[in-house]
Amino acid sequence: MFTNGRKKTIIYGLLLILAIVAPLVISNEYNQHIMVMCGIWVIAALALNLILGYAGQLNLAHGTFFGIGAYATALLIQKAGMPFWGALPLGCIITALLGLITGIPTLRTKGHYFPIATMCLGIAIYYVIARWDDFTGGARGIFGLTRPEAIPLPFGKEISFESTIACYYLVLFFVLVTIFVISRLVGSLSGKRLIAIRGNEELAQSLGINTMRDKVICFTISTLFAGLAGGIFAAYMGTLMAENAHFLVSFEMLLFVMIGGVATIAGPVIGGIFVPILTEELQFLGGMRLVVFGLILILTIRFLPYGIVGGIRMAMMRFGRGGKVQ
Amino acid sequence: MNGLLLNVRDVTKNFGGLRAIDRVSFHINKGEIFSIIGPNGAGKTTMFNLITGFLPATEGAIVFKDEIISGLKPYQVARKNIARTFQLTMLFEQNTVLDNLIIGQRVTREAGVLHSIFGLKKKKDREAKTVERAHELAEFVGLAGYKHTVAALMPHGAQKQLSIGLALAAEPELVLLDEPVEGVDMDEIGILIDLIKRVRDSGITVCLIEHKMSVVMNISDRILALNYGEKLIEDVPEVVCRDEAVIKSYLGDKYVVES
Amino acid sequence: MGILLQTIINGIMLGSIYAMVALGLTLIYGILNIPNFSHGALYMIGAYVAFFAISSFGAPYWLALIVAMVILFVMGMLVERLAFRPLYDKPLINSFIMAVGLILIFENGALAIWGPEFRQIAPLSDAVIRVLGTTITMQRVIVIISAAVLIVAVHLFIKKTRLGAAIEATSQNREGAQLMGINVHLMGGITFGLGTALAAVAATLVAPILLIYPMMGAPVIGMAFVIIIIGGMGSFFGAVLGGYIIGLLETLVSSYVTSYFTEAIIFGLLVVVLAIKPTGLFGKEH
């Protein structure tokens, strides 16, 4: 967010320390649970932002890939008897493979056909998950998933994941991995290609950029991390329902990204934390909660299309601090 | 043939019932400035689109340095070292001049994804090189003062300069400029003409589409005149500007040339 | 034989609904270039308006239909004016996201305010006809005939009236229409209203048979997009023809093959179609 590299490192360092000590300060188990969920949503939001904010493609099936990752991991654990630590990476790979297979046909579409194609894809996959009773448990879902197995340590100790705090640190680890991979990607020359594709795909092609290949790679990476978030979600929650793969989940993730700030790394992080917390705070609204979110989404896209992060940047530019225009 | 860079052979393009290009043949020699002229709708931009793979030819072949390029996709044509600009200036509007010039480079388009995520020193060096070259390109096209300016905020003439810089970024051998001085004020035209000459002097072959006769006659080595998708003449400026068919295509039947 | 006939009638009826909804969607797309994802939510609200007109105000069915049509026409114009018009010069994605926001508001608002229970409207006619040895409810026939009449009416409106011509002109060439003095914004608004009103009528017509509930728009809107993509976005005939075909297809497949994976098959098929022809089967480049 800031142009000064040194300042950036200090701020991120502080945030990291904050994230690490947070559960020790916030001892309420329910709030800790919220923090775990936020971590999961942040991973999913970062992944969505990769394909949406950087490559400029609105993938309305993102939530479905989250669901695929969740189901893949869950089924590997429950039906194949795999330990979590094997099921999770395999679940990610399965999700990414599906992303690759479906990405190739859908990314061939132009302009507004892509969101429609992914919407249909999401609906189709949702119905497969919801109706395939024998395999996925259908509408009933999957339950009784065990937490990740404990990691053995020297001296007969171990790290157990029965507690919420332990799960929080697990999620935090994966959040950091995700941030690392994605920020390295978008900051690199490959990332510049994605920005080019988002900016003007035809122009990018005239410069020799194989836009189809880049879009597919970006889509695959995006679905891989969506699957990661899903897999962690499954093992943490212990139960899964078809609803977790519904395309409404895609809408929720869209909220995180748009409200936080599209096309930045900080945006999905902020959105993935702020929006779920807001959701919790607004629980008293009951069903109207999502109405409020719809309203926030509309106001955001209308008046603050670059979300919170964008708003902060604009404010900074206005007060002469000189931020970069993304 | 020595020095022959681009050879367009009997190319025809139909859009349904409309024949936009009708059996046109011409060639471009290495190192020259070649211009394509013709009234609106003559098929000039269509020809560019055919050469650069944005449109498939209905018939005929396009050969670049002994290799058939008709049928290749746009990014593949670009990788054969043919670059272009567009009639409606196309830039990465939200990005700075330097960013634009980084995007266009070969290193950028060839950078591997895995390397981008996990690479170390070599990656840093590569990225530094692209920045360096972006600076050089910006200065070459005369945008030294705009390096950190967002493309959308620049005046029209500067945007035209940037679009040429973008085309040069990947070190092409042939550059196709579609109306490079369109909409530009009088003082700017001189800057752009100079730039085009410098491009040619640096060893790059230039092909222009242009309407302003003064510009065309001034800098072209050879000219192709089109009308209604047909080739009228392909020759040096002195001959073309006297050709009856060419004059008629621009000024209509009523205009009679004093012979 | 009897079952087949019933199935076909059901298919045509479903197709009529799809045709009207798809027609509304394609008209909006044709003039504004926006795939209006919120179309399904507005469809649902149309049904609820009719429901409350009947249950709270005691209006007769035909009046409720007209009320729903009018109110949703106005709503459509408001949505165009307030939600979408400010986004015309912005990237297309913003309009999509706006539509998503509208869906969230409408569907969850309906859920929160009116509850998840299924509502029912009494059919216009309880009569039953016997044809070829099977019974067919009159209501279904009414739906089919009303839909056909309405679709023809819309067609005549576009082709034979000045307003319709202005709308068509704006769809084909916005700038040109503007230069001719047509108020293109107003045309867009009217078309949006018209498309929405069509959806409302469809919802109301089918409400006695398929019931009313907050998420009723979701399955319909998905199908509507399948239809207009296959039929060509912006194409009148593509939407109508596609609507009937898909309605028949869905009903026949459900009855005779499997009802389990019908949706998955149809939507999956669409992804395949788009993969082969990235702009739809008869799509026109806008």
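Labels A, B and C are assigned to the chains in the order they are written; within every chain, residues are numbered from 1.
Here, contacts are C-beta pairs under 8 Å (C-beta built on N, C-alpha and C of every residue); 3 or more make two chains touch, one makes a residue touch a chain.
What you are looking at is a predicted structure, and each value in this text was computed from that prediction instead of being measured.
Student: Going by C-alpha centres, which chain is most central here?
Tutor: A
Student: From the centre of subunit B, which other chain's Cα mean sits the farthest off?
Tutor: Chain centre farthest from subunit B's centre: C.
Student: Mind checking the centre-to-centre distance between subunit A and subunit C? Centres are C-alpha means, answer in whole Å.
Tutor: Here the centre of subunit C sits 33 Å away from the centre of subunit A.
Student: How many angstrom lie between the centres of subunit A and subunit B, each centre taken as the mean Cα position?
Tutor: 42
Student: Need the CA-centroid distance for the pair subunit B / subunit C, whole Å please.
Tutor: Whole-Å distance between the two chain centres: 47.
Student: Touching two or more other chains, which residues of subunit C qualify?
Tutor: Expected reply: no residues.
Student: Using the touch rule from the top, collect the residues of subunit B that touch subunit A in their complex.
Tutor: These residues of subunit B touch subunit A: 52, 54, 73-75, 78-79, 83-84, 86, 90-96, 99, 102-104, 106-109, 111-113, 116-119, 123, 126-127, 130, 150, 166, 169-170.
Student: Residues of subunit A touching subunit C in their complex?
Tutor: It is residues 52, 56, 58, 102, 104-106, 108-113, 115-117, 119-121, 123-125, 127-128, 131, 251, 254, 258, 286-291, 293-295, 297-298, 301-302, 305 of subunit A that touch subunit C.
Student: In their complex, what parts of subunit A are in touch with subunit B?
Tutor: Of all residues in subunit A, those touching subunit B are 181, 184-185, 188-193, 195-196, 199-200, 202-211, 217, 221, 325-326.
Student: Provide the residue numbers of subunit C that touch subunit A in the complex, in ascending order.
Tutor: 33, 35, 37, 83, 86-87, 90-94, 96-98, 100-106, 108-109, 111-112, 222, 225-226, 229, 260-261, 263-268, 270-272, 274-275, 278-280
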